[in-house]
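Think of it as A, B and C in the order they're written, each chain with its own count starting at 1.
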Amino acid sequence: MGPPPHPACTIPPVTAPTTPLRTQLRFSDLVRSFGRLPVLQGVTGAVQDGEAMLVTGRNGSGKSTLLKCLAGLLAPDAGKIEHHEAGQTLEPWARRLAVGYVAPDLAFYEELTVWENLHFFARMRRVPTDRIAELLERVDLTPKRAAGALSSGMLQRLRWAWALLHSPRVLLLDEPFQNLDEPGRRTTRDLIEEHLEDGGVAVVANPRELELPHHEPKRLDLAG
Amino acid sequence: MSQSASIWLAEAVAVYLKEWRCELRTRYALNTLGLFAFTTLVVVSMSLGAEGVLAAGPSVLSVLLWILLLFAVTAGLPRGFVHEEETHTATALRLAATPSALFCGKLAYNASVVFLLQLLLTPLFLIMMQLSVEKPLLLIWTLLAGGYGLAAGGTLVAAIIAQARTAGTLFAVLALPVLLPLLVMAIELTEIAVLGKAGDMAMPRLLLYDGTVTVVSLMLFPAIWNP
Amino acid sequence: MKKLLAWILWLWIALMIVGAFAWAPLAQDFIGESSRILFFHVPMAWTAFVGFMAAGVWSARYLWFGRNVRHDQAAHTAVSLGLVFCVLATVSGAMWAKVMWGEYWNWDPRQLSIVMAMLFYMAYLTLRSAVADPQTGRRLAAAYALLGLAVAPFLFFVLPRMSGFTLHPEPVLNQSGKIEVEERMLTVLIAGAVGFTALFFWVHNLGRRLLSLSERAAARPIAGES
């Protein structure tokens, strides 16, 4: 045994980080009306680090409205939304840019091809172009077709590719399996599982049950 | 250039290129603005006839030129934002774009379209109206400064009305009060250029308007674009 | 307290009217008693301008300082009221122009400026009625009001000073500044400006509260929806 190490030379022991980098999305008492029609009347929930939430409710119960509020596309009339990522709380403008959003009304430029659309958004999000090729392969989409000529299933795959371009920590998915065939459903389910495994969070509005074998989703029912 | 500035510029350029790419595939704006302006020009020219043109004189003809440009802009410019909202591509843009970069990209595109229109229209106008210009360089500067002003005011108003119903007619209603000072100043400068008159403060005033509208638009656009 | 203020306001305006007709002298170079219209026309134009500014300030407060609905309601009311004063100023100006120069409309730059202000106001109100979602409507209207505010200096100050602006060049008297203002006339003018401004804000306060009540009533949820 040699001489004891000089205090200044001591390397502190490696311990597990006490505050791991967290991804957290919390919302409380969200209220949103459209003119005289109340849609959200005090909705509360939270997801963090690998959790998924399934939002259920009849048509018109506010599922899409809730997701739009969380994405920053709609401002709630009242209530709070907090989005924490990597130790930072994101302002509304930053939230918008940070989330991955899939929804039935998400549309792309019909005159441009799939690849051109994704390339445009990749430049906007400062994402390297090889990511596009990677994603297109994953969702099994041909790059050369004009977005206006896509079938509804292929359009849905494009939505997924677009949403994942910037590797978001928070996924907001409104009917994400719509129009997808069985292979498509499987792929996207795997994508969600991988995302959750990675520590990301997901809020999913789906008419049917969400089968995530490794990550049982929390539930938020908007009925009534 | 700092890193964030070059990223911002890259975004604005991306928007600019995307607008042109879409436009060249549909030719909507070029067709609409071009045909509109050209048709109006022909109508005016035919109605006035050779004598009418001479009787009108440079002052009235200067007014006519800018009215033509205004009409064309009203017909074709709003589409930039209105189309995005109508086809729901605005959702993706809201979630991916920095508002100021988006606005500048759209503004640059609209300004390019206006300049292109002016390039095609002005020589035709000068020929059909038998107008000779004393200070051609001043006319070019006026067209550039005035055209930019039309694009700047028009782009912001387009962003506003895109989220309203009856977007088409609403654009003219909202844009005219905003663009009127610009038009008056541009007409005055055009007259000065054509007749070779003096007018020292005219161009600085016009540039001041352009600057004001640009700065105010950049301040207002994020609040207009985002909820 | 409010009642006392209201009485003071009415008394002030009553005195101003009396002063305009009985106390202040007639201006030179004016036909008959027509110069008395100045004491009403100028304050009305001034108040229209104040309304414009107020709408801008409240719009800015709404847009950037809290999105408080009351500020938007204040801006909306200011525009509606400003429009009324604009119309009054234009009509009184036209009446005076007819007496002085024989024509209701003289292409005077100031006449045109006030008409452009009216167009702005009306465009603002048109915009408000054209947007489906109330929250979006407030935001867009506030932005437009601020755009109007930015362009206003060009309308009110730059344009009137330009030569060759009038399509029908006619030497027109500057309707407010260039007349030699005698002391009594100045007093009545200023009293008028103050009185009309106070009147504006008093009516504005009533109008805003009324708007707030009517918006709240209109927004009451549809009964029966769970």
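To be clear about the criterion, a contact is a pair of C-beta atoms (placed from the backbone, for glycine too) under 8 Å apart; a residue touches a chain by one contact, two chains touch by 3 or more.
Quick caveat: nothing in here was measured; it's all calculated off a predicted structure.
Student: If you tally the C-beta contacts for A-B and for B-C, which one comes out higher?
Tutor: Of the two interfaces, A-B and B-C, more C-beta pairs touch across B-C.
Student: What chain is most central when centres are computed from CA atoms?
Tutor: Centroid comparison flags B as closest.
Student: Among the chains, which has its CA centre at the largest distance from subunit C's?
Tutor: Using the mean of the C-alpha atoms as each chain's centre, the farthest one from subunit C is A.
Student: Give, as an integer number of Å, the spacing between the C-alpha centres of subunit C and subunit A.
Tutor: 50
Student: Would you kindly tell me how far, in whole Å, the mean C-alpha position of subunit B lies from that of subunit A?
Tutor: 39
Student: Based only on mean CA positions, could you tell me how far subunit B sits from subunit C in angstrom?
Tutor: 31
Student: So which bits of subunit C are touching at least two other chains?
Tutor: In subunit C, 132, 135 touch at least two other chains.
Student: Can you pull out the residues of subunit A that are in contact with at least two other chains?
Tutor: 75
Student: For subunit B, write out the residues touching at least two other chains, lowest number first.
Tutor: 227
Student: In the complex formed with subunit A, which residues of subunit B make contact?
Tutor: 7, 10-11, 14-15, 18, 21-22, 25-26, 87-89, 91-92, 94-99, 222, 226-227
Student: Report the residues of subunit C in contact with subunit B in the complex, numbered from low to high.
Tutor: 63-64, 116, 119-120, 122-123, 126-127, 130-132, 135-136, 139-140, 142-144, 146-148, 150-151, 154-155, 158-159, 162, 164-165
Student: Give the list of subunit C residues in touch with subunit A in this complex.
Tutor: Touch list, subunit C to subunit A: 67, 132-135, 218-222, 225-226.
Student: Show which residues of subunit A lie in contact with subunit C when the two form their complex.
Tutor: Contacts found on subunit A: 33-38, 75, 77, 224.
Student: For the complex, which residues does subunit B have touching subunit C?
Tutor: Result: residues 156-157, 160-161, 163-166, 170, 173-174, 176-178, 180-181, 184-185, 188, 191, 202, 205, 209, 212-213, 216-217, 220, 223-224, 227 of subunit B touch subunit C.
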